[in-house]
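All chains are identified by letter, namely A, B and C, in their written order; residue positions are counted from 1 within each chain.
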């Protein structure tokens, strides 16, 4: 037992080294810096320790609050849509039919496309002169063409559409896995009891895919709170800051304005939000696991 | 959901939803310069390969793809190797702190990558690994390990330990047992993890942008981001490059999709 | 044996004193972006390498946008990267780079006599606290482009006042029904170019972005508010379409070169593109004029352009300077001008026969350049710009916003930022 114990620790060592050097250390640095005032372009200020001042300023900062609100809207709209569409796709893929493999591969395409490519693509689709969306809605009537990425009411919607399109396959895959784990005899038993398709869905399918649903929810929420590439390529936070998500605001503060301390505080804030959501989900998962066990 | 007509309709709808935006981009890459900026936009292009030629010759597309293959490939292989070791250890070692370690990994993967970009750059600088393949690969390994270890641990736990015990009794070392017994049985999980890591490394933009400033080693996302010239937006070349950039990924998913689905099937539900 | 030893010592010392041995494999690293016309740059670099044997110039290509190159550069400089020697600076960065200790002061190389050969505005943009930190390579300033054919057809002369421009555009639009024309195409996306566009209106109305003497924001002053209101309600509201709120230079220029806009504001580079039949539908129908103003004030063009700087952490500052001097020399600036249409920064070139015959617009531009106004020279320009971009974009894009209230908010943030500068005790 002791030797296998040692072997196990040895096996863990390489990953531990990578994670510590390239992830843990930078994270601690970020935490540390959030307690300082550090502005690159004003070096005479130096690295002044200011305690919680950055976080207090963040709370008072209307732009930060607006970007928090924007981020929450983004997460709150895209995640349910992804799960809904994902579930629909998963239900279709769960059936056996000709060409199912092909459809499965097609479904993965949006997810396989690099984010920068997909962002450029959607930027082109939303173009106000030769974009596909305008063509679909208004045909050849150029005078009625919209500029979604220039319109403060539409820009966020455009970004959310691009995000849902790209990440739905991921949700679909996880939900499909969950569906395929449901034994067929449960459905047969329900049929014998005279259940309709909808009843089967509500009482057999939904409860049993709850773990998969929560898993998809967890991963997607974490990623969604950190959305950046899409905003960076498509709108750079505009117009009028309507797509200024928290992560992008943090990027601007850290890299463009050189306000390292404040930017780090924003990153920590995003992290704490992710952490909170994750803990809540894990709590849910535990209870659902117990429920599943009693079935 | 067994009615064939409904099924066919839904399938068609899904295929449309997933394909049309990308197809539009592909069609754009086949247009001529004049058709590109036509208002209203033309749907059917004239199947002009000019943009592809331009992308390959003027913009060095193949070169970027080569770099991406090297970086993503290396990152995937090493991550899976190291991750498998770690996952195996944690699947077999039921100590209290394995759960803790997994939680830490999850927490780490939640941290916004923008904020750690600066310190990571400093570390690579000190190691003299900026503008090198190993610098970017090391970064990607660190970023992908959490999710790889999570998935692999889940799958390894599914492998019944009796088969392994038998192998050990027969005289295999732990490492041999891992290699000969566990890995083949957990193949779907490995496929899943490998594809996830590869796609992540292939798509990654931000770290690649700040670590690789030498055009010789730049990867594809950075390359495409640099296509725009000083004042022009070459949609034609961008769409051509994007098409070429995405095709290998699509092929990979086509090849591995059965494995992925089976893999997620076995693992995800158990959580 | 003694002879062999002597021979080796001699040979060795000869190697040490041979100039080539020192210069061997010396690499100079330059950060630049992907050029529109790479040939002229490649040739210039090759010439420099020929003239300085043993030296190789390594060009690192950064992203195309000014903002992104800025972020890339600051990352390297913040980490004191010794493998960065020369870099391009946008006209708004020298103060920031100087204050942060990233750019090398070039006073001992770039003498006053030398400086006098350059146009004054870009030189002052490179100065911070009495020292000079960059050498201007090309200069940009906002100009007004217009469709000569439309103005002639309707008997109009190029407008000298902004309200006049609006009226002219409305007249032409009314008479050219169904032509999908737009009166004005400019850059109003939330990015740095927005500041250039907006300051041209504000300053030509007697307003200012900030009061440099008292170090406070001037955005809430009546003149500035009026100008912003004019842009929102008249320039964009009456004669343009909302799409311009997402335009940077390429998109706004494309609208003009496709014949869809009557008036267009852009940098000088647009002249050659608009007159090139291969890329423009309006070649030969383009006019260029100084930007209009409001009554009682002078027209103002925003100063742009790029300069070359040397990193303070470079291990070869002398060699780096030689490269900078070479690239900004008369010969190379002339070549760049001829090949790319970029306006040079050396006064002498504006009298050069070959250049002025190939680029006749240079004569007209010289006056504009002489009067171009730089954006505020301060180390905190980037955060300042972000605050102003936010303010302008939100007022222009949301028609019912209270301009006065937003201006007051922006002014408050700007003042807080400027307070940080006041903390400095050093002279």
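Note that a contact is a pair of C-beta atoms (placed from the backbone, for glycine too) under 8 Å apart; a residue touches a chain by one contact, two chains touch by 3 or more.
Here the structure is a predicted model, which is why all the values come from computation and not from measurement.
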{"item": "Contact graph of the chains (line, ring, star, complete, other)", "value": "complete"}
{"item": "Pair of chains joined by more contacts [C-beta pairs], A-B or A-C", "value": "A-B"}
{"item": "Chain centre separation in whole Å, for chain C relative to chain B (CA means)", "value": "39"}
{"item": "Centre-of-Cα separation between chain C and chain A, whole angstrom", "value": "37"}
{"item": "Centroid spacing, where centroids are CA-atom means, of chain A and chain B in whole angstrom", "value": "16"}
{"item": "Residues of chain A engaged with two or more neighbouring chains", "value": "129, 142, 145, 255"}
{"item": "Touching two or more other chains - residues of chain C", "value": "75, 78, 251, 254"}
{"item": "Chain B residues counted as touching two or more neighbouring chains", "value": "37, 39, 118, 225"}
{"item": "Residues of chain B that touch chain C when the two form their complex", "value": "37, 39, 118, 121-122, 125, 130, 209-210, 213-215, 225-226, 228-233"}
{"item": "Residues of chain A touching chain C in the complex", "value": "39-45, 62-63, 128-129, 142-143, 145, 147, 149-152, 236-242, 252, 255-259"}
{"item": "Touch list for chain C against partner chain B, complex", "value": "31, 33-36, 60-65, 72, 75-76, 78-79, 81, 249-251, 253-254, 258, 269, 273"}
{"item": "Chain A-touching residues of chain C, taken from the complex the two chains share", "value": "67, 70-71, 74-75, 78, 96, 99-101, 180, 189-191, 241-247, 251, 254-255, 379-380, 382-383, 386, 389-390, 393-394, 396-398, 409, 420-421, 423-424, 426"}
{"item": "Residue numbers on chain B that touch chain A, as the complex places them", "value": "1-2, 4, 7, 10-11, 14-15, 17-19, 21-22, 24-25, 28, 36-41, 43, 82-83, 85-86, 88-90, 92-93, 101, 105-116, 118-120, 123, 138-139, 141-143, 145-146, 149, 174, 199, 202-203, 205-206, 220-221, 224-225, 235, 238-239, 242, 245-246, 249-250, 252-254, 257-258, 260-261, 263-271"}
